[in-house]
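In the two complexes below, subunit A is the common chain; its partner is subunit B in one and subunit C in the other.
The block that comes next holds the complex of A and B.
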């Protein structure tokens, strides 16, 4: 006999998938942010060799499908290095790298949006390059970069759905499991889609809050 | 640890067939997405609040739900209501729907960039609404949005790789088969990565050239 009805256990499965998606999204965002910002600092210091290399890697990651990157890491890397990778590890590596590439691009343009004359003024005042970055460039670039970052994060959340293809039991995979068992595609995929939609909305709202706070100093407060 | 591309040589034909399928799906989806995007953009900039709200809802949903979920919804859902489409048609439909949402954003900002004075001049000249859209608004909006449309198309090409999840053997799907046949997944997927990068690079390059050509009199 077929168990084609929804059971209370399905709700648990759904929550588990949601947890996996959120956890991977959060982890890859943090790691991607760290790597991408480090790459941008390399460029800020105009490190020879490393800076152009990073730019090329970011360009390649940006211009190829995440699915292919996932396959390369999950199926290709273990063969090349003769090791084993779990789907979760492969997903973590791929999505972190992909996020880092986009963060790098955002960070570079945010840093360049800070006016040149400010850098010159900072030098005249005798600030070192690191002090200039830390005290003058970074706070302003953060405010500039938050808008594009919001779009990126909403996008990266949707990209996490691709890891279901290599077997990570995330929200989309749970949807596929429930869909095959219950054969009610409309209900299942609508619920899954709705959950992603709500998460995307939440991310956009949190980022908008943060942006308002970061830009508070430049708001006109009256005399 | 070895990196050897030579065993892939006999499979280049398969990969080329996959690339052709990808190109065809993307071309059809580009046409569909452009048509949907123009309609949605016109609705979003229309005076009627009902049209605006409907188009906004469409864009909101298709931008905030992952493409693979949309694809599965259509792939498993459509046969349920008696619409039997091939994997290819379902894929093109899904790509067009998602592409239309992103295209409408670009065209909408193109329309909003048309100066109100131009519209007033057209209205004063007694042109009908259709003529204003067809002869003035759309030509101006479309030609200033060629470059951003290029990046939407680049995204479409990258997104088309997801069609391999519904049994469609486009470039990524055929590469999966080649990887399984040759036992050299790293070489296959590394080559695939470069192929996609080259394709999207060509697309954005030609979009840039076209953009400059169409807008050469704007200074």
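The block that comes next holds the complex of A and C.
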């Protein structure tokens, strides 16, 4: 006999899936930001060898499908390194790398959007390259980059749904499970879709707030 | 002493500065006149090390600008005010002024802010310390730019067409400050199109034409009929400028 009705337990399952998706998204965003920004700093310093290497890696990562990268990491990496990788680990590695590549691209163009004359001014006043990055470039680049970053993060949230393919029980996987049991695809996928939608809106809102704060200096407050 | 000797600068095949010799001694006010594209701004950019020289040497108080090891020391001696202000847009007027003293000279915050407030007060901007550049008028921005340069206590002030982006009223308010600085004995090298002002405050006038120094004369002599004006090009330039 099988349960075709929704039970209170399903809600728990849904929350669990949501938790996995959110945790994975948050973790890969943090790791991706750290790596992507570090790469952008390498480029800012025009580090020989490393800067071109990073650019090449980022090109590879952003120009191939995430699903293929996921398969490569989940199935390929264990063979190459002769280790075992859980689906969660594979998902974490793949999405972090993918996010890092796109954040690198956003950070590079945001840094380049800071006026050349500002860098020259900082130089004339004797600021080191690091001081210039920290006090002049980073605050302005952050404001420039937040718009594109919002778009990226909303997209990366949706991309996390791919990891259900390798068996991570995320929100999408929970949807698949509930759908198979209840055979009510319209209700199940509507709820799942709505949850992603709400998360995406939340991300956009948080980013918009941060952007408004970073751009406070260019807002008219009256003379 | 700012010491410029045989300085040549090329952009591609175009020679912007062609063997320029110039000395500015402490206490002097030297203005650089010349048509647009004559190399005036490039000369300023060479003195503060923003352009690499293709020939010649520049030293500021004995520190060679063309030697990367001495460049930092040379830059400490001079302060630059820019044509388009170049204020940091994400920082308040006060932060714009205190940044370099705090980061480069390691002045404690309280002291840096006190000095910045005193500077702002001296240019009539006591109440605008917390304003961002976007909330200031052009003249106010340039006054902040002057304060920012002065906050580093430079021995030489380099001014690159500091009023050319301002309307006549704002120009007057900035020039009044420069006149006061000159009267206080600040050493200045300034590129300008304000002929009357140059005549008024400078000890010496230098005329650049296509990267060459056409004249380097005491002010009175530069504007005298048997001095600078004896050169047809300078007479022509001055007559055009005074007509406009």
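Details
The working rule: the second predicted complex is superposed on the first by the 223 of 223 C-alpha atoms of A that agree within 3 Å, B and C clash if a C-alpha of one lies under 4 Å from a C-alpha of the other, contacts with A are read in each partner's own complex, and residues count from 1 in each chain.
By our rule, a residue touches a chain if its C-beta (ideal position, glycine included) is under 8 Å from a C-beta of that chain, and two chains touch if they have at least 3 such contacts.
Predicted model only: the values in this text are computed from it and were never measured.
In the superposition on chain A, A:200 makes contact with subunit B only, not with subunit C. Of the two partners subunit B and subunit C, more subunit A residues are in touch with B.
Using the contact criterion defined above for the overlaid structures, shared-chain residue A:81 touches subunit B, although it does not reach subunit C. In the superposed model, A:136 lies in contact with subunit C only, and not with subunit B. When the two complexes are overlaid on their common chain A, residue A:127 makes contact with subunit C while staying clear of subunit B. Contacts of A:64 after superposition: subunit B is touched, whereas subunit C is not reached. The touching residues of subunit C, when paired with subunit A in their complex, are 48-50, 72, 75-76, 80, 82, 84, 86, 88-92, 99-100, 103-104, 132-137, 148, 152.
If you check the complex, the residues on subunit B that touch subunit A are 1, 3, 61, 64-70, 72-73, 76-77, 80, 154, 158-162, 164-165, 172, 175-176, 179, 183-190, 192-194, 196-197, 200-201.
For subunit A in complex with subunit B, the residues that touch the partner chain are 59-60, 63-69, 71-72, 75-77, 79-82, 154, 157-162, 164-165, 172, 175-176, 179, 185-186, 189-190, 192-193, 196-197, 200-201. Contacts from subunit A toward subunit C in the complex involve residues 117-118, 120-121, 123-127, 131, 135-136, 139-140, 143, 214, 217-223.
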